[in-house]
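What follows is a set of structures for review.
Presented sequentially are two complexes of subunit A, the first with subunit B as partner and the second with subunit C.
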Partner chain A sequence: MSIKLKELKKIITSPVILSLLIIFISFNFSIIYESSHFSGELNVLNNIVNKFGYKINNESMINFKKYYDSNLKKMNKITYKKASKVYNSASEFFNNHEDISNVYTKGDITFFNNLRVEEEYYYAAMNIDSVYKEVDPMQIAEGEIKQYNLRGEAAETVRSEYRNFNKRFNELVKNGENKNLFFMGPVYRMHSLLFHSLFKSFIFEIIILSVLITAYLVNYEFDNGTQVLAYSTKRGRNLIKDKFLVSIFSNLVVATIIIGTGLGVYFTTFDYKKLLKVPISSYFIGEFSKPYMSKWNMTFIQYLILGISLIYILTLIFTGIAFFMARCVKNSYIVFFIFAVVYASALVIPRFIPTNSNAVFIGEFTPFVLSMNSFIWFMEAGAFNTFKYYELITAFVWTSITSVASICCIKNFKKVDIY
Partner chain B sequence: MRVVISEIKKIFNLKMVLLLIIINIVMYFLFIEFNVKYFPNGGPDGDIYRIMVQMQKDYGTQMDSKEFENFKSIYKEKVKEADKYIKEHEEFSEIGIENYNEFTKAEDTKMNDKDRKKFQKLSDGIFFDKGVDLFWELQARAQIIQQYQWSLFSIYEFPTTKQIARIKEIINNKSDTSVFNGVIFGNYNDLIFYVSMTILLSIIFMISPIFLKDNKRNITSLQYTTKRGRKLFKSKVVAGIIAAFIISTIQLICMFILYSHNNVGMFFNANINSSLTLRLSWYDLTFIQYIVITVVAVYLLVFVVTIMTMLISGLVHNYIALVGIQLPIVFLLFKVVLSNAVTRVVDIQFPKYSIPLWYVSMIVLITTLIFIRWRREKVTDIR
Partner chain C sequence: MLSVNNVSKSYGKFVVLKDINLEFTNGIYGLLAPNGAGKTTLIKILATLLFPTQGEVLYEGKDIIKMDEDYRDVLGYLPQDFGYYKNYSPKKYLLYLAALKGVEQKIAKNKVPELLKIVGLEDVEDKKMKKFSGGMIQRVGIAQAMLNDPKILILDEPTAGLDPKERVRFRNLISELARDRIVILSTHIVSDLESVANEIILIKDGTIAYKDSIESICKILEDRVYETEVDFKDMERFRNQSFLLSERQGNGIMKVRFISNEEAMDTWNRVHPNLEDVFLYVYRDENMKGLDVHEY
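Coming up: the complex of A and B.
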């Protein structure tokens, strides 16, 4: 036990790793801070959800409409009194007025603005059915095939992949998963902020620290010239096990610190409390022309937890890969660059696979590609990543590969030269 | 000199060079390939490029008002051809489009959903499926005419007085009529940006171990006791700088060999302050002069980064610290310095002397630091 603690101490007392950790955490904070200016406007939705719930059905919409109409009347009362004008909607008011700050008080303007936001939610909610009528998974498939110039069996695979997804899509619409209120996607881009900007920087930071920590620990004795002494003792060659376990443990701790602080600040800045159980396929989460459509019926909180678990699994996989590399190359400086090169080539190599064979999909099933697109995990995600079990297969296969490789490395270490 | 050569040999050891080549190959495919392999990239960029080459042949480096009239008349002729195409194809008249003018405005006119879908399909068919060159070319020509007529003042929302003075100067000496285009300019800027990124990364990778490697092997105590002794520090710095310049020169040569396939040589004598580039410079430079300036800028950055890397290398005691300190610095360097310091050296977006001043201060700072380091090296204790 005390050996493991001593190994851990090497990391805790390393100023570089600690200062990198602090830099990374403050970088995450800066990402959140840049978007924090609209956290007030988000509360308009929280207010609506408080009153009518997040589910969109006839009843809630009628109540919403009543509420909206009464507020519009209130607005018109104010505008009539102060400028003797009446408007059909709040957006009309904002379109027609250039100098509003002289006529109305600050409170008035906030009220009008909130009304404008409510209005947008209302009309978007009424429009959902017509949007989903336009979505046709098979057409998406054809578009993808054309875009990536897929031919032959590869094109067939994409079609069958999307035929499977089509079933799920119909189920999604039938369940009414899309008909739920959430922060307006195209305006605030909350999904991209959380699952793209923030998650991606989490993943990169964890990868960098994992590689540094693992390479540091594994090659510590070689770096400091203590290998001849340390590995010739009775415990000696078994030290590698301690190093392996401690690097896994500390990488998981690092991941927890990074994710914990990041998400902690994120959820205190943006109030999600009322929306945790909204299905992730909600129409309002969609940000671009195509809505987000999950492969399973999941709520936001389930999706978040699943995403975090996948990050933890990726941490383990990357630790394994770094461990393997650090065992092959004794210089931790080179290890870092080799890792970077492998990572980048894993993104480049799939381009060279001919687009008419199924081999083109194999290149996608790597943790490197997986770590690049966190915001479409477990969702319809284009020709290459819509396979129903894409994330799970990748995670499982690579966990197995890296565990086998790590065990081999540990076994092999018993016989290695320690000059 | 012999020592310097031996030090350079140490930097270029086989393992490192191999890895360096692999790094460069990966960087090439990630960032650079696109700018040399797919130039000009499809429509309308490809058509703009073709038209610009033709313009260069017909009008020379500048297009005066007479030549511009000629250019417009060519456009009108092409529109007639398009009118004919539209008359020959019945699908257009079905949704009420009789000529090219109506075709371009169809997006904004009111039509029912069915017709709109039909139009969308038709226009996608023309541009993407069939790839009718004529329509792409018309788009490109219209864009050039429009940009040519734009006021240069509209580029900047809130121009400063100095910017206004400079824009007036450009209009007065007519360099805005230069036959040069943002498609060509942007392509070069993207290329030099990614190449300089690759160069700096390669240099940091190669030079970083220079002092640390000897420190770790305890060779320094041996070196200090030789006759040459502490002066070795100087030789190492010189070796590092020479090695960095060798690496960057090779990479720049490779880049220009690749770039020569883009066939933009005819524009070398064109003024870069064209109204078609949408980016203005403080000086009246030709394209080739601009290229030389960016290359000089890259070399200056290489110098600064090399010295910085060597300073860090002498400071740390293990490889993890080396990577850990370099990471945030490299991130800042690429994100803040590199994105402005190479491709915007002469851009009027910044005050005239700000970026040259960046360079001067960076160089002064880094040279002072290395001198301080040398003076400390002379009196440092042997551990």
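Coming up: the complex of A and C.
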């Protein structure tokens, strides 16, 4: 225990690692801060959910409509009193006025704006069925095949992939997973903010720190020229095992600090309390023409936990890869450079594989590609990543590969001459 | 007992050590050879840092590689070149190494100041080592080698960077320690060994050239080492005829120490050969071998 603590101290006292950690945490805060201006608007939905629940059904919609109508009446009462005008909707009011601050009080404007938001939710909710009638997974498949110029068995694989997904899509619609209120995707892009901007930032920061920490610790003795002293002690070459375990522990702690602080500030800024159990395939989460459709029925909180878990698994995988590289190259900074080259190559090389062979999909099953697509994990995600168990297979296979490689490295180190 | 059995070490076709056989019991062994002769390779094999290409090293009859932690538990090693954590104090660094050596923290906390006092670093035990001189770092190295009270103490060039006073202190310390342990002292500085070593091991061309007491080793040159005074003008001729061990100027003439197989002249004083004479003789240049001082 004492040795591991002393190894851990080397990381804690490294100015490079500490500085990077602080910079990364600050960067995450800045991402959240940039979007924090609409956090007030998000509370409109919380208010609606508070009154009618997040499930969209006949009863909730009737109640929602009554509530909306009464607020519209209230608005018209005010507008009539102050400007002798009435409107069919809050949107109409805003479309016809550019400068309203001279006529209406701040409270009036906030009320009108909230009504406009409620209105958008109401009409969007009414429109869900027609949107999903237009969604055809097989058509998406053909679009993907055309976009990536897939031919032969590769194209067939995508069709088969989407045929399987089609079943899930029908189930999703049947379950009514799509019919749940959530923050309006096209307006606020909250899914992208959380699972793309923030998660991607988390992942890159954790990767950078994991590689640096692992390489730094594993090569610490070689970097300081103390290898002949350290590895001739009683602990000897078994020290590498301690260094590996401490690297894993430190990287998991770093991941926890980055994710914990980031999500802590995120959920303090944006109130999700009432929406945690909303299915992630809700129509409202969708931000573009195609809605987000998860491969399994899961709630927002389940999806979030699954995403965080996958980040932890990626942390372990990248620690293993960095450990392997650090054993081959005895300089921490060169290890980092090689890792960056391997990472970039792993993203680029699959693009050169012939598009008529199933081999084109193999290059996608890597932690490097997986780490790029956090916002569509466990979802319909295009030709290459819609395989039902894509994330699980990638995580399992690479965890196994890096575990075996790490054990081999430790065993091999016991037989290596140290100069 | 530590036994080196038929140990060879090579890198591809380059052979560093050839079929080395040695036995060490309690006492001080001086490993003497010029730089690059294979001393450090042999020592690193004894420290389990290098693995022999052939042969084995046994401690108390057991293979040291298989003994793993049990062997290194009784080993104290001062490498020739070693790094240190520049921002650590010697106290902190020794506590770290003590942990690696399996010394209990409580014991280490008492032992570290004790050792720092022995090597004369008690006043700077909390100062960062980046401010230390080479000699001070060397003393930290000596202290760390003794942290676990080793049964086998291997010291590679231990006096490098030490001033004369520290060297004397070090020699006394080693003599004290050698009573109940194996001390292997590798050096190319002959004077480090003369007063302390029980046995000298001379390595040449990757093999053991001699392993014996200083007295016995010096017998190699018995009755063949002389001192005399030579005029400057005759020096060139003298150099060509004899194997010079040392020469120094004094009172307008040269005082020389040399090896000769020829019958002694009246002006030559026969002297007792010392270890340095043997060292210079054994490791003489290839082109000096023609001087025909036959080997025993």
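The definition used in the following text is that the second predicted complex is superposed on the first by the 419 of 419 C-alpha atoms of A that agree within 3 Å, B and C clash if a C-alpha of one lies under 4 Å from a C-alpha of the other, contacts with A are read in each partner's own complex, and residues count from 1 in each chain.
The rule we apply is simple: a contact is a pair of C-beta atoms (placed from the backbone, for glycine too) under 8 Å apart; a residue touches a chain by one contact, two chains touch by 3 or more.
Quick caveat, the model's predicted, so the values are computed rather than measured.
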> subunit B versus subunit C on the shared subunit A, clash or fit?
Replying inline: fit
>> How many degrees, to the nearest 10, separate the directions from subunit A's C-alpha centre towards those of subunit B and subunit C?
In response: 80
>> Once chain A of both complexes is superposed, is A:K6 in touch with subunit B (first), subunit C (second), both, or neither?
In response: second
>> Applying the document's definition of touch, where does A:S201 land relative to subunit B and subunit C: first, second, both, or neither?
In response: neither
> Which holds for A:A215: it touches subunit B only (first), subunit C only (second), both, or neither?
Replying inline: first
> Now for A:T261: first (subunit B), second (subunit C), both, or neither, which partner does it touch?
Replying inline: neither
> Which of the two partners, first being subunit B and second being subunit C, lies in contact with A:A344: first, second, both, or neither?
Replying inline: first
> Just subunit B (first), just subunit C (second), both, or neither: which does A:L239 touch?
Replying inline: second
> So, A:N356: does it touch subunit B (first), subunit C (second), both, or neither?
Replying inline: neither
>> Can you work out, in whole Å, how close the C-alpha atoms of subunit B and subunit C get once everything is superposed?
In response: 7
> How about subunit A: which of its residues touch subunit C in the complex?
Replying inline: 2-3, 6, 13, 221, 224-236, 238-239, 415, 417-419
>> Which stretch or stretches of subunit C touch subunit A in the complex?
In response: 44, 47-51, 68-69, 72-73, 75, 77, 79, 81-87, 96-97, 99-102, 105, 141, 144, 148
> Can you list the residues on subunit B that touch subunit A in the complex?
Replying inline: 15, 19, 22-23, 26-27, 29-30, 205, 208-209, 216, 318-325, 327-328
>> Using the touch definition from the top, list the residues of subunit A that touch subunit B in their complex.
In response: 14-17, 19-20, 23, 208, 212, 215-216, 223, 331-334, 336-338, 340-341, 344-345, 347-348, 351
